[in-house]
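Look at the two complexes coming up: chain A is in both, with chain B in one and chain C in the other.
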Partner chain A sequence: MSTASPATARQAADIITEVGASEKNRPRKSRMRSHYPTWFFIPAIVLYVIFFAIPTVSSFYFSLTRWSLFDSQFIGFANYVQFFQDPQLYTSFIHTLIYAVLTSGAKVILGFLLALLLTSPVVGRGYLRAVVFFPVLLSTIGVGILWKSLLDPFHGMVNAVLGFFGLPQPGWFTDPNLALYTIAGVDIWKGVGIATLIFMAGMVAIPTEYYEAARIDGAGGWNILRRITIPLSRGATATVIILSLIGGLRSFDIIWATTGGGPGFTSDVLASVIYKQYQAGFYGLSTAGNVVLFLVVTLIMVPLSYVLNRKQVEL
Partner chain B sequence: MTRTKVRAWIVGVVAILVSVVVFLVPFAFVVLQASKSPEDASSLAFTWPKEWQFFPNLIAVLQSGDGLIWRAFLNSFVLTVGSVILMVVLSAMAGYVLARKRSKWGPVVNFFVLAGLIVPPAVVPTIWVLQGTGLYKTMPGMILIETTFGLSFCILLFRAFFNTVPKELDEAAVLDGAGRVRLFFQVILPLLKPVIVTVIVVQSVFVFNDFAGPLYFLPGSDNATVQTTLYTFSGQNLSFYNLLFMDILLITIPPLVAYIFFNRQIVAGMTSGAIKG
Partner chain C sequence: MFSRRTTTRVVATLGGIAIAALALAGCSSSGGNSNGPVTISLLAAGNDPASTKFANDLSTAFHKANPKITVKVETRPGGTDGDNLVKTRLSTGDMNDVFLYNSGSLFQALHPDSQLQPLTDESWVKDITDDFKKSVSTSKGTYGAPTATSFNGGIMYNKKVYEKLGLSVPKTWSEFISNSEKIKAAGIVPVIQSYGDTWTSQLFVLADFANVNATDPKWADDYTANKSNAKYSKQPALEGFTHTQEVFDKGLMNKDYASLTNVNALKMLATGEGAQYPMITAVISNVLQSNPDQINDIGYFAMPADSGEPHATVWEPAAAYIPKTTTGDKLAAAKKLVAFINSPTGCDIQNSAGTPAGPFAISTCTVPDNAPALVKDELKYQDDKKTGLALEFLSPIKGPNLEKILIQVGSGISTAQQGAGLYDQDVKAQAQQLGIKGW
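== the complex of A and B ==
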C-alpha cells in the first residue's frame, strides 16, 4: 500500500501504533492528532519571540533607564515625567488621539457612503471602484510628496484654484492650526479605499430577500438603509473602526513625509516623537514614548474590540 | 424602470466627475511633473509640459547617484521576495497546525497572534536585539523583521482557509502512506494556491511600500530601499521636482502591475484579513 512512499521506519511505526491506539478510544481524533506536527509552530514562534516579544517586554524596563544601547542606567520614571511635562512631547499624545479618531471616523462615514454608491447600479462602477482603491497601494512617501506639492501654499494647484475663485488660500501644511488636519485629510484620501472595500464585502453579503421583503412591505430607500443596510453592516463597521484606529494611532510615514511633525511640534504624534528622540540619541525617552503608544493602543483597542464584537453576536 | 436608469446615469456621471478631480488629477499631476524640464516642474503648476522630457528624465533618474536607484530597487526586491517567501512558509505551517489541532493552548496562541496585529513594535529595543544578534543594518536582519511583523496577518488568513479544507483529505493521504511533513508539503500546500497568491500579493505590496522598517532597522546608503531613497531625494532635490516625480512614478509601477494582474486576490486579502475575532 505504501510502497511508493519514502516514509521512514519511524513514521511507519507511528502509523501502526496510532491505528492500534485508535481502536481503543475515540478512533479518528487521536489518530489524526499526531499527524499535525507541533514543531511546525517553532520557526514562527522563534521569530515572534526574538524580534517581537522580547523587544516589547524589554521596552518596559528600558523606558525606565537612561540608555545608550550598550549600557543602561536605571532612573525610575524620569522619562515618563519628562514626557508628560514637556509640552513638545505630551501634545503628541493629544495629536495622536485627534488624528486617529478623525481619520477613523471619516473613513467609516466616507467608506460607507462610497460602498453604498459602488454596490448600487451606477454608470462606470468598475472604473470608480478601481480609482477609489488604487491609492491604497501607493507608496505613502510618494503620496506625501505628491500632496505636499499640490497643497503648496504659494505654487500649489489647490491654492491656485482657490485663488481663482477668490477664496482664502490657507497654508495647508505650514499653518500650525491646520497641518495636523491636512495630514489627516491626505491619510483619508489614501486609506478610504480599504474601508470602502470592507463595507462593500459586507453589503454584498446581505441576502437580497431582505430588500425584496422590505420593498413588498412598502419600505422606501431611507427606511431600507436605516433598518437593513446599516444594522447588517455592523460587522464591517466594527472591522473598519478597529483597523483604521490601529492604523491611525500608529501612523508615522505620512506625517514624516509631509510635515515631519512641524511646523514646530504642531503635527507631532507619538510615532514621530519616538523617531525624533531615537534620532537625537535619547533611547530611553524614545522607548518611554513607545510604551505610552503601546498603552494607548491596547487601552483603546482591547475594550473597543470587545464591545464591537459582542454587538455582532447579539445581532 | 427608466427612472431608475436615468438616476443611475446622473449619479454615475457626477461620481465620475468628482473622482476625476479627487483622484485622476493628482495621478495626472505625477505624470506631467515627471515629463517636465526642471524649471518647468519647479513651478508646481498643473500645466502641460512646455517640452516633453519624459525619457531624458527617466534616464537621468536611472543614472543619478551612481545608480543609487538600481541598488535601491535591488534591495527592495531582495527584501520583498525574501520576507514574503519566509512569511508564506512559516505562517502556512503555523496556521495549519493551529487550524487542525484542537488543544488547550489554542486561545493562548490566538491571543498572541492578535497581539502581533495590534501592538506597535518597540523600536529601539528591536534595534538592541538586532545588534545583540549581529543582524543590525543587514539585509537578513531586515528580512526577519519584516517576516515577524507580517506573521500574524498571514497566520489569520491561512487558518481561515485551512478550515475550508476537509480533514478527510488528511486521513486519505495518511492511509496512502504519506508522512507528516509530506502530508503538508505535497498534499495540503498545493491546495492553498489561492490563499498563497493572496498572501504573496498583499504582503509584497506592504513590504515594498514599508518606510519606517528600513528607516529604523536598515540604515546606511548601501542598504537604501526605494522608499528611503525617495525620502532622501525629496529632502535634497527640491530643485529637481521632475526627477522626484519620475522616481515616484517608477516606484508606483510594481504595485500598479500587482493591481492589474492580481486585483481579485488583493481584494480577497484585504477583506478576509479583516474577518477576525
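== the complex of A and C ==
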C-alpha cells in the first residue's frame, strides 16, 4: 500500500506532463493531420465495411438476380421491370406521398403550436412537456397494437364512446376510404413529441432581447409571432420537415402493426409492398424495390434539404 | 397439480429454446462418438399451443423410448415469417436436426434435392398414401413423413341451425345461396367471413379447386405451363372470385367481417350465431379449446360449384424433414425420431396434441372414435371418391397476394373480374420469380 501510492503519484504526474506536452503540440499537429494514429480508425472502418459498405454494394448486385437464398441467377434488369409492372406500385406510391406529406405537415403545424404553448409560462409546464413527449418513447409496434384495439370498430373504446353519444362509429382501420388517414393520425400522435422538442429548442435559443425590443416598439403578440418567432425558428422547421418527411416516405412499422397494408391494398405504401415481396420469397425483387425506394427518397430529400438549408443561410 | 405440471413444461420449453439458441449460436457440433448419448434438436411447426405441445410431447415420449437420445425442442413463427426462417436456416447450414414444415409447393421451394436428406428407403415410406408421397417427393426421392392428419377445405356449417330450419346440404351454388337467404330470414348470419385474419379470405377460391379439377383434369398442368385457358379470369376457376363477390353483394355476411378473427368466427359458428363458414377443417382444434361442448354441432360439406357435383378439396398434412447438414449419429437418431412420429405412441400423441381434422395420410395411424363429427363428413367424400388435391400440391405457383385481392373482392372494393385479373398478374410474378419456363 505504502509503496504503491508514491508510484501512482509519479504516474499521475507523468500523465499530467504528457497531457501538457501534447496540448502544447496539438495546434501544430492538428493542422496537418488527425489527432489519432491511423490504427485508431481500424475498428470503425472494419465495422463500416462489414455492416454498411458490403451490404450496400451487394444489394445493388442482388437486385439484378433471381435470388432464392439457396442460389442466385443473374437476370439483368428483369426485377426492375417487374417491380415497375406491379399493379399495386402506382397506388402505393400515391399512398406514400399522401402519407408523408400529411404526417410531415401535421407534425410541423402541431409541433410548432405545442412548442409555442410549452415555452410560454403555463401552469404545469414540465408535466405537459412530458405528456407530449411520452408517445415518442413507446415502441411503434406497441402503439400500433394499442390503437388497433382502441379503434376496433365493434369492441374498441373509441367507438363505444362515440356510440354512447349517438355519433357514427366508423371502421377506422377497416374502412377502405379511412384506413390510410387513421394510420397517419396515429403516426402524428406518436411523432409530434419529437417535432415539439425540436421547435422548443429552437424557440428557447431565440435571444430575449429581440422580444424586448419589439415590445418597446409596440409590437403585439401576432406581430411578434410573425416577425420574430416564425422566421427565427426556420432552422428548427427545416429539421422537422426533413426528419418527418424521410420518416413518412419510408414508413412501415406502424402500417404493418395496424392494417398490414389493408383492407386489400388500400393502405399499402412502398415499404409495405417491398416487405410483402420479401415475405413471398422474392428476395431479388424486394432488393430491387429497396434500391428504388432509396433513389426515390434521395431524389425528394436532396433538393429539398438544399432549398431549406439555403434559406437558413440567407437568414 | 395439472397447472404446476404445465408451468414446469413451459419453463422446460423456454430452457430448451435458450439451450438450442446457444447451440445454434456456437454452430452445431458435428460427428460425436458413436453409441454414446446423442442430443438432437427438433424445430416445431409453429409457436401456437398445438404445435408446441405436439413437439414437446413427442420429445418426451421419444426420450422415454430411447433413453440415449435427447430431443431439444425449438419453436418458430408460423406463416410467411416461418417460411423465411426455415429457408434462412437451411441456406446457412444452421437447420435443426429434424424440422416440421409444409408439404406441397412450400416444400418444393426448399430445393429438397440439395438441402434435405432423402428418406426414400425408410421402412414407413410404403405406408404413406400416394397423394401424400407426391407432396413430399421430387423425381429423385422422398423426403418427409406426415406429422398430422390431412384436412379438407370447404364449408363448415352448424348442423343444429340446418336442422332447425329444415335445410339440407347444398349440391350446387344456387342451392347454397337459397339456403343462405333462408338462414338470413331466420335472423342468423348466413356466411361468416373473418378478414381480421387475412388468410381466411381465400377459401371460396382455394377450396373450389377440386371442382375446377373435376371439370378440367388438366387445369393444374396447363396453369403451370402458362396456357391461356387455365387462368383465374376465365371459367371454371373464375367462379371462386364471383362467389366471394356474390356473398358480399347479397348482404349474406356478418357485419364485422372486416375485423373478425378466425378464432372468434369459429365461436360464432359453434354457438349457432352464424351458420356457414368457408374454412379449412384443420382449425377444428380451436373449437375444442373454445367451445368443446359444441364441437359436434359443426359439420362439413364440399364447396358447391356452379354446375356439376361438388368435390372436396384435400390438403395434405405437414411433414418432418431432415436437412443435409445432419450427419453421423445425429442422422441415425433423427431418422429414428421421424419414424417414431407414426408409431403407435406417435399416433396417440398426434391425436391428443391436436384434434384429428380428417383422415391420416399413413396407414399406421387411425382416426379415433371420438374424433369431431365433421371428420365423418369428410370421410364420406373420400369413400365416394369425390375428392381432389388443393392446387398447392399440384403446381408450385401460388401468387402471394391472393388473400389481399380476395379481401378487396369480398369487401366490394373491386369486382370479381378485376380481382381475378389482378391475381393472374400476381401468379405471373410468382412464376417469373421461380424461374419457371414459359412465363
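Keep this in mind: the second predicted complex is superposed on the first by the 279 of 315 C-alpha atoms of A that agree within 3 Å, B and C clash if a C-alpha of one lies under 4 Å from a C-alpha of the other, contacts with A are read in each partner's own complex, and residues count from 1 in each chain.
In this text, a residue touches a chain if its C-beta (ideal position, glycine included) is under 8 Å from a C-beta of that chain, and two chains touch if they have at least 3 such contacts.
None of the values given here were measured: they were computed from a predicted structure.
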So in the superposed three-chain picture, is A:Pro263 touching just chain B, just chain C, both, or none of them (first/second/both/neither)?
second
Pick one for A:Thr56: touches chain B only (first), chain C only (second), both, or neither.
first
Name the contact category of A:Pro153: first (chain B only), second (chain C only), both, or neither.
second
Under the stated touch criterion, which partner chain does A:Tyr48 make contact with: chain B (first), chain C (second), both, or neither?
first
Touching partner for A:Asn223 - first (chain B), second (chain C), both, neither:
neither
With both complexes overlaid on chain A, does A:Phe252 touch chain B (first), chain C (second), both or neither?
first
Larger residue footprint on chain A, choosing between chain B and chain C, goes to B
Examine A:Leu137 and indicate which partner it touches, taking first as chain B and second as chain C; both and neither are also allowed.
first
Would you tell me the residues on chain A in contact with chain B in one complex that are also in contact with chain C in the other?
69, 152, 278
Considering only the defined contacts, which chain A positions touch chain C in the complex?
66, 68-71, 73, 78, 82, 85-88, 152-154, 171, 173-176, 260-266, 276-282, 284-285
Note: in the complex, chain C contacts chain A through residues 80-81, 83-84, 87-88, 90-91, 109, 111, 114-115, 195, 198, 255-256, 258-259, 400-401, 404-405, 407-408, 411, 413-414, 422, 425, 429-430, 432-433, 435
Mind pulling up the chain A residues that touch chain B in the complex?
1-5, 7-8, 11-12, 15, 28, 31-38, 40-41, 43-45, 47-48, 50-56, 58-59, 62, 67, 69, 117, 120-125, 127-128, 130-142, 145-147, 149-150, 152, 155-157, 160, 189, 194, 197-198, 201, 236, 239-240, 243, 246, 249-250, 252-253, 256-257, 271, 274-275, 278, 283, 286-287, 290-291, 293-294, 297-298, 301, 309
Touching residues (chain side chain B, partner chain A) in the complex
4, 8-9, 11-13, 15-16, 19, 22-26, 29-30, 33, 43-46, 90-91, 93-94, 96-98, 100-101, 109, 112, 116-131, 133, 144-145, 147-149, 151, 155, 167, 170-171, 174-184, 205, 209, 211-212, 215-216, 226-227, 230-231, 234, 241, 244-245, 248, 251-252, 255-256, 258-259, 263, 266-267, 270-271, 274-277
